[in-house]
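Here chain A shows up in two complexes: once beside chain B, once beside chain C.
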Partner chain A sequence: MSARDRAPDLRWRALKRRTLTGLNPAFESLLAGLAGLLIGAIVMAIWKYNPWKAYAAMFSGAFGDTFGIASSLARATPLILTALTFSICVRAGMFNIGAEGQVYVGALAAACVGYFSLPPGLHLIVGLAFAVVAGGLWSLGPAILKVTRGVNEVISTIMFNWISHFLGFYLVANIMVDRIHSERTVSVPPSARFPLLVRGTDLSYALFAAIAFAVVIYFILWHTVTGYEVRAAGLNPTAARYGGINSRRTMLLAFILGGMGAGLAGASMVMGQPPTFAITSGMGEVVNLGFDGMAVAMVGRNHPIGILFAALFFGGLTAGARAMQMRAGVPLDMVLLVEGIIVVALAIPELARVFRILEHRMVRFLRRRSA
Partner chain B sequence: MSLSSIWGILLITLHAMVPITLTAVGEVFGETAGLFNIGLEGILLLSAFTGALAATAAGATVGLFVGMGTGALVGVLFSIINTYWKGNQMVTGIGINLFAMGFVGFGLTAMGPGFSAIPAARRLVAIPTSGGPFSPIIFVAIVFPFLAYFFLRRTRAGLILKAVGESPEAADVAGIRVNLVRLLATTFGGVLAGLAGAYMSVSWIGSVTKGMSAGRGFIALATVVFSGLNPLLALLGGLVFGFFDSLALWIQTLPGSKAVPWQFLAMSPYIVTLLVVAGVIGRVRFPKALGEPYKRE
Partner chain C sequence: MTGITQTANALPPEDYYLRAERVTKIYSDGTVALKSVDLEVRPREILGLLGENGAGKTTLTKILSGLLPPTKGRVISPRGPVKFASPREALQFGIGMVHQHFALVGTFNALENVALSHSRPFARLQLANTRKRVEELMQESGLDVPLDVPVEKLAVGEQQRVEILKVLSRDVDLLILDEPTSVLTPLEVDELFSLLRGLRDKGKAIILITHKLKEVGSVTDRIVILRRGESVGDVKTAQVTPGQLARLMVGETVEPVGRKAIELTEEELPRHEASRHMQHSEGAGILHVQALTVRADTREAAVKDLSFDVHGGEIFGIAGVEGNGQSELVEALTGLRKATQGVATINGTNVIGKDPREIYRLGVAHVPEDRWRLGLVLPFTLAENAILGVQRWEEFRGPLSFLRWRKINQHVRELMDRFGIQATGPSAPAKSLSGGNQQKLIVGRELAKDPAIVIASQPTRGLDIGAAQYIRNLLLEMRDNGRAILLVSADLDEVLALSDRIAIMYEGRFMAVAKPGDFDREKIGLLMGGVTAKEEA
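Then we have the complex of A and B:
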């Protein structure tokens, strides 16, 4: 084999070293993201939308100006929290699909601050406490069923989601309804609202609450004994049990911490989202936040730092989707579709291997051409 | 309560039973072979949409077959990822459900507001009875579990399916192609879920909405847990869940029913599912290799 023959081979090997070893998880997330956008483009083309125009509108809507960036960050705020809900449980070895319902419950609890008045600041903190406690309590149901009866958490959390869905509909329409605006609940008073970060946008200080929660979760999981136990029980339950770790305790803890995050996400929507600061009938403010969070968690590789970046990506996707709807007429649900593809792609552990096979073919092709 | 109103309630229950029973029986095949498909909810939703699309264009029978084809396609995708590519079954299922929600929501908006209802002439012809129309798919849902029971318990192919789920290593040594059997079983499960989805739009409800699967895929999974992989118990479970699923529909026709808000009736199938699953678990044994991809040593 001459040196000229080996040249493309070496070049590819160098590229492989750089991409497939050092950056492996991030690179896979990127690959999955591209797959999602590509299949999204194909679906758009089937329904005769212009994918280029749509994605251009999406990008400029998400990151094109201050308003776009603020809007993306505002969308990212609850996603950071619901993604943490999912990923804490993944770290503990479970699939908690219940963030969706825990967000509803958290939002409903937060909206209760509209019934009494307190000094500014304290009012906000009380509202957050309501939401966090409500989310944590709602997650307790599937958690207890899991540790006492061994009920699969996927099934139980979905059932709890539907129960809270109808509970929310009932409360919004019958109990918490505003006397003047019958289409929504009572509004959160200004003393309990998150102050806006950028005037004229819907980005509020709730963003910092979400980031703070991510930091707390990072600290708990990686810098405390309890967190170590949670992760150990998730990685290898048998070994953890022999090591004296009570896996029931770690499961309960993961569920409750997650539920608290989801409750906070619900609060961030009612206490930090202009203009109504209330829940409208149909709960459009909070619907799908839990499901979006799962995609964010997976792209962020279930790590708080990764989740911050992934939430920015999906926040941009969601904010951009509005621009896409306005300028290119593409339905908003495009985002969910893209998320689904991304998650399916990330389910394949050998995504990198599939890529490597393609790469080998490419090398052979190049070799044949240079020969 | 008169005889005809009892027949009316039974009829509504039977109609609600069909999607849960069909999906659950399909999943019994998949779980017997060792794959746990939580993407069934997505298959129901996708095939309800594609089935309605095809039925509107070319008639009810085509609609049902397109629904089954959609289920098969997703089933094949799910099983390739989770057999040959050793994927994570939970994550794949979650992804399929997200995709289905997005795809159907997108498709419904893209088709415009005129689409969602299927013209009466394009729906599956129902048998008229004194209590209302009776969908022929109900027969399929009642007869099929018996055939499935016979297949799984009394044939060599059924035994192979069980071997693959219980001990893939042994099956492999005996010359069975483990991944292929798993692929076929899960694809078949997808076909049945596809039929169930298309039935919902083409025969039962007659329209498509974004939320029409309404957790039935997960209720079917719970039914499989309840059944302990016995198709006949899946039929019974489908009937129980169908009863609660349709509770909100018929109870409102009774006098004095206004005392209970409809939202609480709508919650009942999910609460019952939780109770049943919590009650039977521990007494049911599942295949040893359920949820694990098979890797040759």
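Then we have the complex of A and C:
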């Protein structure tokens, strides 16, 4: 046995456990969440806020009544989709930071339905198709750069985010602007809106579109040959090549699927979020959905089913934040701090896993260069 | 042969630098890397450490430099205890090692690289001091390196000299070089050797790890030969011939490799599209390679103008020390690496330039040399790994490219039964399996393709005797069923016992091709070390 034979063993040993602690992933997440709550409570106690009161307000605000639940679910809807964008690419071995920009593009494309009329239902479907295609096409930029020129997707997607950011600002303020309400774009007509699920809330049937997309992604990744190839190439590119898998193809596919999800997220906001059904200048409706989605993906362990729960949890945090401020008198900054602590605690196990894979790949890359 | 074992121990006891006494090393997984090895390192001497892959050379040097504790025995020095926590401590003691793979920062120049090796975390680089020191050192040793050019712009031989400079600048007394010539051109080798002789004459002790007989004969003063963890010779270089060295290195006994038949009949093997391409006609070259040249990652030609045929019903074994182009050859034949020149056909179809999937379709099974890197996706389950490479077969793929998990799981259970894979079930992660079972999974997956040709690279590496034997039997069984088998192995005994024809590969070429009985072991050892019959005479 030479040292060369046993080196891979050592490197792989770190990857052997399925989760950080070796516990069941759901149980591990529960423990992480409790730890986050505890630290958040300690922080609040230090600054003399009553943690019990604060958490109770947060929980009842998020899940205490129909309005709270509906509001949490509505916040969760776009996050499910943007989290999937990120996760599909992680499964394919990439860090796609581009959901943010793809959401903008999807929202802008969806808002275009305001320029023509179609029968109800069909109008909605056409709008969704616009958004999905726009998101998919937008993601092709970084994808093609990656596949043909080896451009790191983190860099290119961040650049594309800025392009879509200013493109969006320009279109909203100058081209797609509404004649009467100059602070926003033309409004999506009722024939192209998602019907509301609960009257008096902003929860619409867009939720089901998001869940359906998650289920489709789950089936693609775990039950089709294509998804199998995507995951194989993501976990071990050399073994995938040995297995006759074209990793350029899988990367391209992951990017496009992800872009479609992000585009759908944009549409879900423009076509499914009362009251305006339009994009206001500054794009407040859609800003940060892509980035929050990355956190949701981490908490959901980059698995479509885990993401559904993680997004609900995030939606609840957002909905509960208001109650925490109003009923428990915790200032907004403290609320955000506590939420941040909880999210980081929940994301740690998956972050550790993903970084271990990345580090492993980096070490191998450097070895090859130096050899 | 036992006569020369004791020849070179007539020095006064205090005139040694390091001494290993009855050193045994057993790794935590039970591998016995060294068995009661005695070794003395002396100043003003170049010691050659000769042996095949896995003979224990690297383990021994790690123990000598105090980086690895021996399981039994001890390492002593007149200068104090030989036990270090890091290479840094070993350097402070006076032991420096130059590895096969350099640890240089490519964008830094030589001076910065040397200074970096001296620095402590967060300290400033002492560039001015280092320059003075390095220039003195270069004058003293005759070692010449451009100091102000980024090292990535330097030739490999120069980079190696920077590595040596790094170590020498720490005032070491013992310099260990691990296969230093494997990356060098012949001219660079000559330069390195004259440098080493100069260092020796200045009083340094040098250990040169190598498997090349010519080199070890030309530069060393004394040679210690390791075989399967045992020291089988400690000889003065002047008193030994390459033939004697070769015989010591490869040994004279053949490890028994059984041929017990196992239950694996033609009917049991699932039929796949590949079988249509099978040709049972005796003597037809299923694999035909013509003037194939393949480059390594370093852009150097690793396979040079190679031609051979592998016929149905034969095992064609390629023996040789690893790193002589075997990996590149296999990668070129299986679509994992581009060939620069030449042709390789399988049943008449050229495979050069085709991707792996197209090549598998021609009836090729590939048992890769590195099961963790190539053969398996470790976090995947047994079932997912069992279809790697065949995932698109009709049998496993339903409408809309849906995976037929029921069929796949059934296939896995059949593989587990037939090939004796010990696992909790098809959904067990591959990483939870033992090495032997992982390898059985790969071999089973590949043989279940019912291939026309099996390309097996190091198929039994790291396995216990039972599992290794089992896999060897499977290869023999495939051979008896008329398949062609290309076996590449660094285990000479394995190649000798299984092959119908053997090629000895050295630096990208076949030194010889013959039937196993036509070689004696001394001849093979010489060929593996790059010495042809003519040169020896």
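Things worth noting here:
Operating definition for what follows: the second predicted complex is superposed on the first by the 269 of 371 C-alpha atoms of A that agree within 3 Å, B and C clash if a C-alpha of one lies under 4 Å from a C-alpha of the other, contacts with A are read in each partner's own complex, and residues count from 1 in each chain.
Note that a contact is a pair of C-beta atoms (placed from the backbone, for glycine too) under 8 Å apart; a residue touches a chain by one contact, two chains touch by 3 or more.
Note that the coordinates shown come from a computational prediction; the quantities given were computed from them, not determined experimentally.
In the superposed model, A:169 makes contact with chain B only, not with chain C. In the superposition on chain A, A:199 contacts neither chain B nor chain C. For chain A, the partner that touches more of its residues is B, with chain B and chain C as the two candidates. In the superposition on chain A, no contact is made by A:179 with either chain B or chain C. Look at A:348: by the touch rule set out above, it reaches chain B but stays clear of chain C. Contacts of A:235 after superposition on the shared chain: chain C is touched, whereas chain B is not. Touch criterion met: A:340 reaches chain B, while chain C stays clear of it. Shared interface residues of chain A, touching chain B in one complex and chain C in the other, do not exist. Interface residues of chain B, counted against chain A in their complex, comprise 38, 41-42, 77, 81, 85-92, 94-107, 109-110, 210, 214-215, 218, 221-222, 225, 261, 263-264, 266-267, 270-271, 273-274, 277-278, 281-282.
Chain A meets chain C in the complex at residues 1-6, 8-9, 12, 15-16, 18, 223-226, 228-229, 231-232, 235-236, 238-244, 246, 367-371.
Those residues of chain A lying in contact with chain B across their complex are 43, 47, 49, 95, 97, 145, 149-152, 154-156, 158-163, 166-167, 169-170, 173-174, 288, 291, 294-295, 298, 331-350, 354.
Interface residues of chain C facing chain A in the complex, by the touch rule stated above, are 27, 31, 33, 53-54, 57-59, 62, 101-104, 106, 297-298, 334, 336, 355-357, 360, 366, 368, 370, 372-380, 384, 387-389, 391-392, 396-397, 400-403, 405, 429, 431-432, 461-462.
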